[in-house]
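In order of appearance the chains are A, B, C and D, and numbering begins at 1 in each one.
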Amino acid sequence: MRDSVEIGPGKVAQRGYHLSDVAIVPSRRTRDVDDVSTSWQLDAYQFQIPCVAHPSDATMSPATAIALGRAGGLGVLNAEGLWTRYEDPSKLLAELSELSEDAQVTRRLQEVYSEPIVPTLVGERIRELREAGVTVAVRVSPQHTLALAPVVLDAGVDLLVVQGTIVSAEHVSTNDEPLNLKEFIADLDLPVIVGGCTNYQTALHLMRTGAAGVIVGVGADEWSTTDRVLGIRVPMATAIADAAAARRDYLDETGGRYVHLIADGDVETSGDIAKALGCGADAVMLGEPLSLAAGAPAGGAWWHSAASHPKLPRGAFGAGEEPLGSLEQLLYGPADRPDGTMNLFGGLRRAMAKCGYRDLKEFQKVGLVIDEG
Amino acid sequence: MRDSVEIGPGKVAQRGYHLSDVAIVPSRRTRDVDDVSTSWQLDAYQFQIPCVAHPSDATMSPATAIALGRAGGLGVLNAEGLWTRYEDPSKLLAELSELSEDAQVTRRLQEVYSEPIVPTLVGERIRELREAGVTVAVRVSPQHTLALAPVVLDAGVDLLVVQGTIVSAEHVSTNDEPLNLKEFIADLDLPVIVGGCTNYQTALHLMRTGAAGVIVGVGADEWSTTDRVLGIRVPMATAIADAAAARRDYLDETGGRYVHLIADGDVETSGDIAKALGCGADAVMLGEPLSLAAGAPAGGAWWHSAASHPKLPRGAFGAGEEPLGSLEQLLYGPADRPDGTMNLFGGLRRAMAKCGYRDLKEFQKVGLVIDEG
Amino acid sequence: MRDSVEIGPGKVAQRGYHLSDVAIVPSRRTRDVDDVSTSWQLDAYQFQIPCVAHPSDATMSPATAIALGRAGGLGVLNAEGLWTRYEDPSKLLAELSELSEDAQVTRRLQEVYSEPIVPTLVGERIRELREAGVTVAVRVSPQHTLALAPVVLDAGVDLLVVQGTIVSAEHVSTNDEPLNLKEFIADLDLPVIVGGCTNYQTALHLMRTGAAGVIVGVGADEWSTTDRVLGIRVPMATAIADAAAARRDYLDETGGRYVHLIADGDVETSGDIAKALGCGADAVMLGEPLSLAAGAPAGGAWWHSAASHPKLPRGAFGAGEEPLGSLEQLLYGPADRPDGTMNLFGGLRRAMAKCGYRDLKEFQKVGLVIDEG
Amino acid sequence: MRDSVEIGPGKVAQRGYHLSDVAIVPSRRTRDVDDVSTSWQLDAYQFQIPCVAHPSDATMSPATAIALGRAGGLGVLNAEGLWTRYEDPSKLLAELSELSEDAQVTRRLQEVYSEPIVPTLVGERIRELREAGVTVAVRVSPQHTLALAPVVLDAGVDLLVVQGTIVSAEHVSTNDEPLNLKEFIADLDLPVIVGGCTNYQTALHLMRTGAAGVIVGVGADEWSTTDRVLGIRVPMATAIADAAAARRDYLDETGGRYVHLIADGDVETSGDIAKALGCGADAVMLGEPLSLAAGAPAGGAWWHSAASHPKLPRGAFGAGEEPLGSLEQLLYGPADRPDGTMNLFGGLRRAMAKCGYRDLKEFQKVGLVIDEG
């Protein structure tokens, strides 16, 4: 049944499917859209929608992280982004919002991010979020987790996001003492989200570190160049379904620990959100879609964290665009365009209604069709 | 044999095929085109061609519904469209015919359709069709069926079309008394067409409501955005073949009730019509192709019903185009262009002749080849 | 092994492959290109290359049919084309060579071909070919075969080509006495080529009519619209391999009658020719590629016969283009462009050499790889 | 398991996959990028990166072959290119760098390469490389190997590359005494690289000639027209995996002779390099990517050797482009663009780190996913 292929004698590969390769098949009852709930709970934190922000400076400033929290989702601030390198990055963000797409942009990003991280700024930003009363989540890279953890924890975060392109449960290094995720998480008393990962095995290993949530995918969207640079491309429908199987097996092996899956990549429309959840995700991580909200920090421009890498940048720059509407409108409508970029969670809710499901957990069982057309 | 795929461990999906993925294979005798019949009968109503209009205001006014009926097909007026909201929508239609494709169009559609439905206008429009002597068919949405049924039935329709994007035999609601299709149909003494639906199971359930015809598909064409907004995309060849299997099983379980399948979506050319019937449909629902007939209500513009949804619009606006020819010419030729958009049913007839079939029911057995090229 | 798919319960289709889906795999020795022969013999007629002209007026005039014969291929004149409707069609051809691609072109083609066929002209054209000393082949449609046969045979053709989009061994008609191919061929004492056909069964049936050659395919190229108009699209690699299996089985059932397969469709470059033969064809029918030879009748314009159909035209018009070179150069080089459109049979010869084959019959066994990339 | 398909009854083909159809799946630990080695050893020669230059005059002059050697890769000079036909080809190269892409370019290439090879120049060029102290590799075609070998060997090469589009272990000729690779190689006391080849069988046969390295593929990139001209297209992931199986079997049959696989084709970015090695290659052959280095001989223009063939040219001309950076920068970064064209081997190194591998040989076992999206 599993769609595996022998590329050449002895070289076997699984066939992978993107979210665009699958579609939802309504196959039972229908339901009133008002009877459908999109609420999501991670550990002690309750959200109105299963929406986690991708921690890019293009979308997440302290202000927009707060706004997203107030709107019912989870904002995530990058502890290694512009807000912790500069006292006031607003002029830089304004400059970036004016740039157009060419090679020079990458160089400018590299320059801008070459400024060192200022630990005191990390603390300040976190306190700003904390004071706003929203759930506070901050992203650190695996490499800097040990160095930044003290200041981050001191400042009082609710959720820690340890995120790199690929994060493994076992990092090997001959130089530094590498981060041992399992020990690190065991020592904390707050929930940790880790990732990305791309298949059953890496998802299961990350679950065994004690993480509360695992990020599936590498945040690939149409601006992503991870495939061209690293040869890594993640068919998200398969990656999510794989990780969902790992979640089930881990639930069994632990006698009940449920780890949340947060799909990061391939999600640009409300239809994509519905498909990601239908494949088994608990929530989606939204990057570029949120850059189109009024008030986005970089005026509609978009870039991945890795786009500023000093030696091996990954991810094209998306030039600034006119906002589609307010953040509320992007999340909950009303939409005044029919392309799935507005009313993102209203679209999800309606998809659930048309398939007769009441809540997100049930909806993970929705029928799918494979269609590579 | 069935092409099912395990996306991830335990998550199985069927592989679906679009009409564009299949082609007809002539594999026996050939036949004179004049010996081929395209006639279709639904309940007591006889049609020269298996053609049902998709009830969009862009193509179906009272006048064009009458014209299609006189030309041998079945016109369907939307009881919830502009003609039942406005005494005279012709100025609005003229305005829409002049619009070009941008976000503003969706807003204008939302405004135009925010006007409430006037029940007396529903009756008037139906009487206009009735007086013309054609088979009278009117579309209502599942949500408004109970409210509109009295006035619709009083005015004297021949066929009632209960159509939403997705219609199920069991709608669940905690607020209103939902429509129970089975009871509703049992109480009527006129044939009802219901849909859309997308697979074997939902088709079978709709057949069991007592419907005379079931609509397969969600009316998706190149202007459709149902996939982007809801994650629902219907590979029509598969959906039709699935529903045809349900028709066969229902025929068996009832000892002889034959429910007609009307394919709605993916049908833009005469070749598509032939393929839809070859997959097992009894008739096709034509939307945008009819907007290219001279005298189309919106001057060649095209939009789906859902394109005016107040909170979650679905479906792009197609700007007005020059007509290709008269309605007669579009249906029966002569064509003066070679792209399958004219002489739609002459093309069907010739395809049947080249495969040696005499009538539509026989033609459902035609050989197909899968070709995703 | 056979790649068959259940579209829906009980509806099975074979998967079909185009020539572009396959590629040749050199897998044994290599050979000097000068040691390779591309010669082809059909019945008593010997050709330097396995090249049959598609009988379109755009490429085949009496003069170009003679030129192709002298160059080593087989010219085919359409007995129902412009040369048998007009005393001198050269002004019309000049006019067509100047037209550009739009809907009006179809109308003009319809007008031009509405002129009746003049039987005496048929005889005159054939005598012109005969006097030139080349193998004389003329195409008639199945519908007009009985009417035109006397004058065609009287004038002395060597090979008769009975060709329609789809030709079957059994045509059914309630009006006319239909052509019984088997009786018709049995009564002749010259070899007949018939087609097109699209699969094993129809190929086998046509072989059983006594034909010397069977045309596989419907002449589809990028200007073809048979799929849009009729729903018929022929994956040529599959169709040829199917017909080759029929040839083998017919050889067995007759104890040695070998019927030649002429591939008509999907062949635009030397690489395509190599693939068609590698799939099992004995020769290819070239249409549009020959329109690019200096001296092509319509100055580089291109249209299919069916493009002028009065009610259901099929096939787009390709506007006139600058010739790439002389006919000799197109067939045998030297090429001064690298895209496979020149030195068509030199390319075939080199492909055979790189795979180590000496002659066409051997080359039908070449290894193939499926690649839908 | 092996993905083979019956095109028609009795005609079986393997399904082939391109590098773009596969992606790397990180599935175990991660590793510090500084702990990863990309070093490669062929016979006695050690290289910092598994990079062999494709011997096109567009990228390999004596100067750039030396530069690549100094930078840690293997330069290869074409003994049948411009540098052995002209005393000083620099004016011609300058002229070619100014040409734009049209049919005239092919004619100009044909003219330029019609000049005969001057054996004394072959010797001179080789001595120039030798004096620079880099590993000296020269390419000869199979046809000219016997004629050129004496002068090439006299001049003192380290590695001989016998390369044609398709090279077989057994070339058949009725005219000349063909090259017997096995005897030829046995008589030499230097390592020979031969190819290209496209599948298990031809790779195995070439290994049995005693070659130290086998080239897999025909150097196809987006400028290649081998498919259009010859019908030969090589899905590289499959070809490499096939050849890797042959390498394993040959290792077994010889009790330990390890033949290196050099992938030539489909490799344009660092991601492609990672995929080629992940499929089983030991090194990659880079053509066009090196034309973008500052100081490339033809100023950024690009053509294949076969593009100048006098009768059957193959390969389109790529007009000159601005360099992306120095050769060092292209190979090792820093990159200032995110598209995988710079820091080619830094990208490989990072891909290996993200998958937890230490060296190239280990990395051949990396997990892959098939994704034809």
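Points worth noting:
Assume a residue touches a chain if its C-beta (ideal position, glycine included) is under 8 Å from a C-beta of that chain, and two chains touch if they have at least 3 such contacts.
The model shown is predicted, which means the values in this text are computed figures rather than measured ones.
The chains touching subunit A as well as subunit D do not exist; no chain touches both. Superposing the C-alpha atoms of subunit B onto subunit C requires a rotation of 90 degrees, rounded to the nearest 5.
For the pair subunit C and subunit D, the fraction of shared interface numbers is less than half, so the two copies use mostly different residues to meet.
Note on chain placement: the centre of subunit C and the centre of subunit D lie 40 Å apart, centres being C-alpha means. Centre-to-centre separation of subunit B and subunit D, using mean CA positions: 56 Å. Looking at subunit B, one finds that residues 15, 17, 238, 372 touch two or more other chains. Taken as a contact graph, the chains are arranged in a single closed ring, with each chain touching exactly two others.
Under the contact rule defined at the top, the touching pairs of chains are A-B, A-D, B-C, C-D. Contact residues of subunit B toward subunit A in the complex are 4-18, 20-21, 103, 106-107, 110, 165-176, 178, 197-199, 201-202, 225-235, 238, 307, 310-316, 372.
Listing the residues of subunit D that touch subunit A in their complex gives 1-3, 15, 17, 22-32, 34-35, 200, 237-245, 248, 269-275, 278-280, 333-340, 343, 346-347, 350-351, 354, 356, 367-373.
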